[in-house]
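Consider the two complexes below, in which chain A is the common component and chain B and chain C are the respective partners.
Coming up: the complex of A and B.
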């Protein structure tokens, strides 16, 4: 095998060899970058996850094996933040349903549709921190837009959106759905526009009504988009952090708003338990991997393509 | 062809260089031509930054024969700790940086900060004239415990979290001002607060309160004054289940639930208690030494105000917490002697202290570190009106030095490896303050969690 390789090299012209060298040199740059900024931190974090490293002590002197992982599995707060994170994921299907309905609405020739599409996309291109601050005011107990509207309509004072253990979750879900809607609409629109018109015409000739067309043609044929949104939504959902950090900086009453990454940050940076935080990062990674794997395994059952 | 090669090589080099920009040490301590390059890393607000930059520049100019450059890096208080940890991890510590009393033991044990005592002794620098000896002692470490032994840092300042009142609201209510010599008892305080809590615009809703309470900063005063504490003396046991502690917390909660002299939990989430104080909606609120400049600023706080003591509980002593941060020298510094001298200059230099305390600028951001200055020019400037400062300035000094009516102390978390155990106490406290959970039930629930967290912190620290 090695001899064959040498033979091939011999047969390569000088120019080809030179080109190959240059090619390797160019590839080396991102490869070295990957090694330094991805591979090394991952390996380092894995080693750190097996120690009580706090950022300033020695990792080797504080090696504890799998203790951090064992502690995490019995850490009630860890399970609580997993629960909170999963609750926030209720927003994923809600967002997808809303986006599909709006995309169908916008997938027609009508005046001002482009303006509408732009408006829905503004939250996506806006700074997450900036819009989170705006929404803090929307959710404000006394002076917020939402509670002012609730009071005007019902005469009753609205809930303490960001201060109550239950309502804070609803508030975060509303914010996340609003923030993600633009992307989902754009993707659904492109999915809708790739469905051949013939399918609808043929179905209409067979007597299908609007609802049947939507159910039996639109939904199945945009399922690749739905699948993509689901995967990305779940991966993003497991990593929610910024909105919590901005809107509920202490994680809410009784940590009711905290997510896995928020807890990770809290442990690693606020309390300088870098080892514990690293272990949490690896468990999160495993969790995301399992969920993504399940999704890919199940996709054959419900994801249809035009082919 | 050659040109192409050069361009290609330059591109690869540029790409790689761009990727690694910012990596690696900066060799800040390296000396040039026998002169020292010093690096400093601190946190400061704009006003402080200006004064410190000026002080460092002056020091450099007067020591031009030994110092080539002083590189000052200033960040915000929020970002300081994370950045410093990063510097420690990277082995790229500046010569001089801040350390809090809570970190002295760890930083010394891990070999990050230098023992200043031999250097100060050799140079004949004394700390006897410093006003806040308790703050100074918090930077001493004997190899086992902090509080005694060699000095590892010199205090940048000693701060006090005092109490303040809005004089205008007292005048409107026709009430006598609080006596700084005799802080209110709890019952007296409640009575005064009741008279200051009112619906000023007649819409049926309270819009002015006796006081505002921020749990994480303003509950200690009730607990300590009632003879209770979060921890045992050895800082290993969580003692929140004592009758004194429960009684103090109950009285603190009663201010909101029973006497209704503070905004509710919900109202707190709408507008913080600090903002309400600035808006003139609260008669009493806290005032740290660092708050004075803001409260004296007409645009920020357009009311007359002064300092007073927190109400007293069963001990009869008004108590609050003190804060301090100190300048230390890196154990890896190549210029420890010069760095230590610079530290002593910024901590004890009279001109610098005059600027920081406002004697020369008229705007104070800290109390003077030097006793003679604090007792002399500082108080004279206040009395003459040259320095905008509350007249009851002795309240600060009473807490700092301690009297039979006043006491200042450090928070218990100063003496523990981290504050996670304490955060657990406040995490669900809103449920107590809004009445959905009783004080006793809450403490019974949270005490074991806090103890577990504290045990883990100590266990990890002793490894």
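Coming up: the complex of A and C.
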């Protein structure tokens, strides 16, 4: 009896060991990929960020400690691109508000509303480069769609959207809201559909009107979606690059359109200051980390769940 | 639930019908504004250069010119761009789809020590900005001599895609483990268990994820522009972007627009065909994430 038991135990552990071997083998590929293309580059970038490395010279011979980080903190251009990047983030709440209003509208049972939803989603799946090119044209000072419309309505010439230090920011914000609206609508719609109808019916019996239903039921109950969109919007917002690269290739008048990643790219690949670029990348990483952390700690204060 | 819906629609008063009509109209106006730049892109690809640049604004091409599309295809670099993008997509989707689904199966159905550690490490990479790793990766690929080929875009993809692993693993947790346990007792090999039981079970979500991945590869601009040094290996998006700077000089906007239209069509078609699945998987990752 006892020996039999020990034997099963032994056999079990043999089977478990076999399972472990296969289990590990099956995840080996992404794990090796993680080591080669993530872990190693991160460690490497961290060391490089403390040198005046240009991609060719030796990192150890050009070790400068924290100098790059200190230089960055006094680099006016760096502060400027941080400012620009933050200004673009005004688009996040604008997009969320528009998306929520549209989603509430689409949530009514109406024929043909699905086609409209599809239309709002088209910019999301379209190539960023292609739509940025189109919008360059929309924003064109002399012949653009927008200025033509402004002239037709007001009789005055519209602003130099992509050339002016102020208007370029508005232009980029408009573009980003346009590109991302579809995603937010879809997510809000699925959030709205998960709200039980009884909530509204009960509140209506209590005499609540449409606006207070929206304020006291809809907004709190889609707050998990709002939270997700905020986190994703901020993480993505810190990394805006391609649309700037396409629409304002030089970073705009006085670098007024450049973002953090744009400056990083400029330094690392155009000036070959790869150590400096890596330091910037790490500060960016820390920035994203802090903002995400703040978001998660604030979460309990305003994010509600249905149960 | 269905009966309740019916009831409520029967009860719909004229007042709520009027509200419906107004809401619909407003959403429709917004939709027109959303799509208008893209419609204008299509229309202007049929215009003449003079019409686009004329002082009198017009939307309808006069005369309609279809020649820009064949002109785009006659430019060797455009077709080469499409070929390069497909050369990246094909092995990545097959190889990466295989490694990702295999890993997802292992993470959700097999037991081994260190499983959670590895999984968390992979998840953490989703939060690391690409900007942090792009410089070392660029130097690494240069040292290996890969920047003269498509390898920097292909090889990393073959190892699997973390967001797909995450998504498929979530999906598999809803499938009972008893199938796996029964298969283990029957002495079924682990690879066979993946291949003949779980792969068919996750076929649908895997396909959706692969479509999304394809769209990602097709639309990717950042990685190719950093890693690919030789024009011969430029992918489609890089080619479009260079068209934009090359042909804007002599204001050949119809050509640029035609090239952009062509570059958008494949992802749009995929989206139209698989809309339900794509939106579903988007919504799931949003609500769970």
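The definition used in the following text is that the second predicted complex is superposed on the first by the 291 of 307 C-alpha atoms of A that agree within 3 Å, B and C clash if a C-alpha of one lies under 4 Å from a C-alpha of the other, contacts with A are read in each partner's own complex, and residues count from 1 in each chain.
Convention: contacts are C-beta pairs under 8 Å (C-beta built on N, C-alpha and C of every residue); 3 or more make two chains touch, one makes a residue touch a chain.
A quick note: this is a predicted structure, and the numbers were derived from the prediction, not measured.
By the touch criterion defined above, A:269 reaches both chain B and chain C. Once chain A of one complex is fitted onto chain A of the other, the partner contacts of A:143 extend to both chain B and chain C. Of the two partner chains placed around the shared chain by superposition, neither chain B nor chain C is touched by A:296. Contacts of A:79 after superposition on the shared chain: neither chain B nor chain C is touched. Judged by the number of chain A residues each one touches, C leads among chain B and chain C. By the touch criterion defined above, A:183 reaches chain C but does not reach chain B. Shared-chain residue A:166: touches no atom of chain B or chain C. When both complexes are overlaid on chain A, the residue A:55 reaches chain B and chain C alike. In the overlay built on the shared chain, the residue A:22 is in contact with chain B and with chain C. In the superposition on chain A, A:32 makes contact with both chain B and chain C. Within chain A, the residues touching chain B in one complex and chain C in the other are 22, 26, 29-30, 32-33, 36-37, 55, 143, 269.
Only residues 4-5, 9, 19-20, 23-24, 26-28, 30-31, 34-38, 40-41, 44, 52-53, 57, 99-100, 102-103, 105-107, 110-115, 118, 121-122, 125, 127-140, 142, 156, 158-160, 162, 165, 184, 190-191, 194, 215, 218-219, 221-222, 225-226, 237, 240-241, 244-245, 253, 256-257, 260-261, 263-264, 267-268, 270-272, 275, 278-279, 282-283, 286-287, 289 of chain C touch chain A when the two sit together in their complex. Within the complex formed with chain A, the residues of chain B that make contact are 8-9, 11-12, 15-16, 19-20, 23, 82, 85-86, 88-89, 106-107, 110, 112, 265-271, 418-420, 426-428, 430-431, 460, 463. Note for the complex: chain A touches chain B at residues 22, 25-26, 28-30, 32-33, 36-37, 52, 54-58, 61-62, 140-144, 160, 162-163, 165, 250-251, 253-255, 269-273. Chain contact summary for the complex, chain A toward chain C: residues 15-16, 19-24, 26-27, 29-34, 36-42, 44-45, 48, 55, 102, 105-106, 108-110, 112-113, 116, 118-123, 125-131, 133-138, 143, 145, 148, 152, 178, 181, 183, 186-187, 189-191, 194, 197, 224-225, 228-229, 235, 238-239, 241-242, 245-246, 249, 260-261, 264-265, 268-269, 274, 277-278, 281-282, 284-285, 288-289, 292.
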